[in-house]
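Note that the chains take the letters A, B, C and D in the order they are written out, and that residue 1 is the start of every chain.
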Amino acid sequence: MNNLKLSGRKPDEARSVIEVGGVRIGEDFLVIAGPCSVETEEQTLRTAEAVRDAGAKMLRGGAFKPRTSPYAFQGLGLKGLKILDKAKKETGLPIVTEVVDTRDVSWVGEYADILQIGARNMQNFSLLREAGKSGKPILLKRGMYSTLEEWLNCAEYILAEGNDKVILCERGIRTFETYTRNTLDLSMVPAVHAESHLPILVDPSHGTGILFMIEPMSLAAVAAGADGLEIEVHVDPKTAMSDKEQQLTPEAFRTLMRRVADLREFMAERAMAEADAAARGDPAAREGVLGSRRDPFADAMD
Amino acid sequence: MNNLKLSGRKPDEARSVIEVGGVRIGEDFLVIAGPCSVETEEQTLRTAEAVRDAGAKMLRGGAFKPRTSPYAFQGLGLKGLKILDKAKKETGLPIVTEVVDTRDVSWVGEYADILQIGARNMQNFSLLREAGKSGKPILLKRGMYSTLEEWLNCAEYILAEGNDKVILCERGIRTFETYTRNTLDLSMVPAVHAESHLPILVDPSHGTGILFMIEPMSLAAVAAGADGLEIEVHVDPKTAMSDKEQQLTPEAFRTLMRRVADLREFMAERAMAEADAAARGDPAAREGVLGSRRDPFADAMD
Amino acid sequence: MNNLKLSGRKPDEARSVIEVGGVRIGEDFLVIAGPCSVETEEQTLRTAEAVRDAGAKMLRGGAFKPRTSPYAFQGLGLKGLKILDKAKKETGLPIVTEVVDTRDVSWVGEYADILQIGARNMQNFSLLREAGKSGKPILLKRGMYSTLEEWLNCAEYILAEGNDKVILCERGIRTFETYTRNTLDLSMVPAVHAESHLPILVDPSHGTGILFMIEPMSLAAVAAGADGLEIEVHVDPKTAMSDKEQQLTPEAFRTLMRRVADLREFMAERAMAEADAAARGDPAAREGVLGSRRDPFADAMD
Amino acid sequence: MNNLKLSGRKPDEARSVIEVGGVRIGEDFLVIAGPCSVETEEQTLRTAEAVRDAGAKMLRGGAFKPRTSPYAFQGLGLKGLKILDKAKKETGLPIVTEVVDTRDVSWVGEYADILQIGARNMQNFSLLREAGKSGKPILLKRGMYSTLEEWLNCAEYILAEGNDKVILCERGIRTFETYTRNTLDLSMVPAVHAESHLPILVDPSHGTGILFMIEPMSLAAVAAGADGLEIEVHVDPKTAMSDKEQQLTPEAFRTLMRRVADLREFMAERAMAEADAAARGDPAAREGVLGSRRDPFADAMD
């Protein structure tokens, strides 16, 4: 982990907090939710309302879709961005959307509150530099083949342009296992917290690609100390134009959010109780601490 | 997932419960802890007492160590088993220890309460069959290169010999990432629960190989619904003859256990509260349930 | 392998031949050689002369270098292209150089005879489309994490823009093996020949990252039926600003080229002898043919 | 590559030559061929005759088959060994067959000229030690997840028991690519030659799992300097009880063998011509030599 001048964590350095639309990312727990692709105005608005009502703090939705085949649905482009803009006005949710071309960074940035750089473009260094120059908050997904060191170096490309608003997102890596779409590597949560001051979200939708795994992996991410989640939700997943298999219904998302919130609350209470015990000099509170900066219970304090 | 006649899960089938030394594995949460290798009587006894006092229900310890190099410490063999036996008598903890040779299954089985088959021997089919014939409870670790389907087929080899006491253990797979020793694949917890009736433990010690990751990954495993944990603990890790880098001190293990227990308790309470709400006909309790058999909150009820 | 409308091979379809600077790629065996990075005029000119004298048909050299760290040497940019242009004028060798940004495709295309798209940008779909629109011959390297199906779909992106001049290049994939820099997957040579009509080169420099492996892997690629090689050569590898460990000296490259040429000649002679025998009705020539389109001996006929 | 006391190559040390049934392995090029499984006497005898007539020097055939599922055909056991013995008497071909259990090493060794240890048992250290004690020549396949360093350490286990007759065999590793059954890593040929004095064969049948790839990958292995090949051949592949998709017909094998022999002859002639030129003081013969011990042309001299 050499040469991470800006993304690396110095001893006793505090974690970064990145404020977007009133959410203090890295401190407040952030859930970004929404459809894989923006398909129609109605689909987007109804999904946006549903995820807001369930407690999501931002809306995701793809207007430019990187697809394996050139003949697959490529997204609505500008039309999709305008739909997202309308959804933002109606729900108040800030928008997270992907940018895939250096030429698009500035104008897509006018619609997006956070620009997402996807797994396939993680080492598109021109795009990283342009994202850095834009000054916009950037959600940088881990490449499906990238090591922690490479990933943090990609954050470094953005930071080196003077933009310190970088949020990382683990979304699964490619392995030999074919049961799941990718192998969600939750060990990156404590690893990023140890090596960097940047916040890290987890995307269990792409990370597993399997509906029934999204909730257990979301709860696991929370318990591991993640700073948030990005989850695909669609008002009517059966009709989705992409990622049909992994988008939650609004109902399933609501249940998931209730459980995530409960787990977060429990962890925050426990962390405060432990801090109190330590302040009172309770010897049990002191022993065996693994290092507070890497401690998921302490991390849970909002 | 064809042909899993005995290990596969039939619709609405209950999960298996395997009783060993008073622990109902699959129902009670099980923590197995102890040193990587049995080195001396004192090291083993002191570690055994420490893990028992912290709440572990079984003692692990290797007497036969599969090592990459023939010149590395290979374990104490019979002498190690005798030390484990003494530790069992003094602490009351059942013993989990690895067997690596078909010829050893029957006599090692006289010392072990659970026979462990390690990752490197997962597809040693002769050993699986012998383990099946022994009738002893078997802890079957996932091979570092094995798919879920191959792993369950290995369980099938044991079950096909008439031995239904198989416990699975995820311990990390081999990927391109070199920051961690292995990539711990927690998605196997819901995957095994969906495809099989067998219980599944998680080993975060081998799964990460990094001390500060063991606690967050343990908590994540609990939140994902794992049936237990296997963790390496050593009274004096600095002096350990193997896996020096990943064995917890007794103090760190005690803190970890307190947090694991708290998280388990919280999940069990929440599951009961949800069950009550559903019984009362609360509509919120019904919506969006992802399927009770795959539901980590419900799984948490002890 | 669905939906490869343009890159897929139809039964009995001939392989594509792409003519660049007098070389009929897919029919003539093509060796592209030159430095990893263009560093100075002298380094480039002297390397260009050396590789031309040894029999290379095109010059490679990077002016835009995708590097893991933003603080590593990033290439000379336009200055580098001008040096390549001078080398082309002095040696007559067509130029192969990488493009990394959609905005650069058209002006870099004025210097390059073949535009290279590197492994990290293989799924930069915007760049692929722009490369397609340019009409220039494109050398498309396999992503280090990409399946054959994904790779051919990336070729499809270029072809779908009306540009049929796509040349593939296997350069090693990322696996768990750390002895080599990448794992060179020579099975892609017959695989591409079976599934596509496009030519395929092999890059043993990146594919192994180890000097002494470049010759045996080059000869293996020839024997497997590859349509050419891309090899890094530097007049003084010790002083190279990138990929120091894997650039051949001119002397080593000359020896390699002599052996490659001899092997090619042998294979072409054998293929003609087999064709003659078949024409004469020799039964031995007919039996056991594995399918002529996939037959490396037949492929060797220039 | 530490601690390879016996398997590692010392500077200027000659390569090992292991004599089995008149073949000097490491010096003579060795082709082992035969069915995946011994199924019937007629199938085995007819295949044995066919491979002998085509030029194979040894017969392979599995009597104990490690299979993913316990319900798949497991081999004929002792009956299979007796059929192999009969085939040996009728054809004169030495027998190569797999052993999977420590208890079987001594009696299977009475039928086998070379005992094969398969990929799944590569790190079955008890079996390696027993194979070492047997004194029989051992064909050690690379595990599908094993690094070069781990593989050579497994050879070290055998050598450390006083048995110096170890032959390595690359058979493909597990990667994310699903087009091929495994990814054949031919770079292991020069790697093993650089790091060890042991001979290395290549198995393109398991290494690709695809019929039309076996010939090009065989020729590539020869060009890379392999010491031999292990190839699956079946008199009637359509009816095979295992590995139906990757067994060559006798006709295809005959064609393959003719081409392999021609390529070997060409390489040997070239190596002699180069040696002569060097002896005459031809400067061209001296320049750019990559190191004779790693030189596939020199390796080709029988």
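Following the convention adopted for this analysis, a contact is a pair of C-beta atoms (placed from the backbone, for glycine too) under 8 Å apart; a residue touches a chain by one contact, two chains touch by 3 or more.
Note that the structure is a prediction, hence the values are computed from the model and not measured.
Of all chains, the one whose mean C-alpha position sits at the greatest distance from that of chain C is B. Two chain pairs are in question, B-C and A-C; the one with more C-beta pairs in contact is A-C.
Centre-to-centre spacing of chain A and chain B amounts to 31 Å, using the average Cα coordinate of each chain. Averaged C-alpha coordinates put the centre of chain B at 49 Å from the centre of chain C. With centres defined as mean CA coordinates, chain C is found 38 Å away from chain A. Residue positions 145, 149, 174-176, 178 of chain D each touch two or more of the other chains.
Residues of chain C that touch chain D in their complex: 145, 147-149, 173, 175-180, 183-187, 189-191, 194, 207-208, 210-217, 219-225, 249-256, 258-259, 262-263, 266, 270, 284, 287-291, 294-297. For chain D in complex with chain B, the touching residues are 3, 5, 66-71, 100-103, 120-121, 123-127, 129, 143-145, 149-150, 153, 156-157, 160, 174. Residues 174-176, 178 of chain C touch chain B in their complex.
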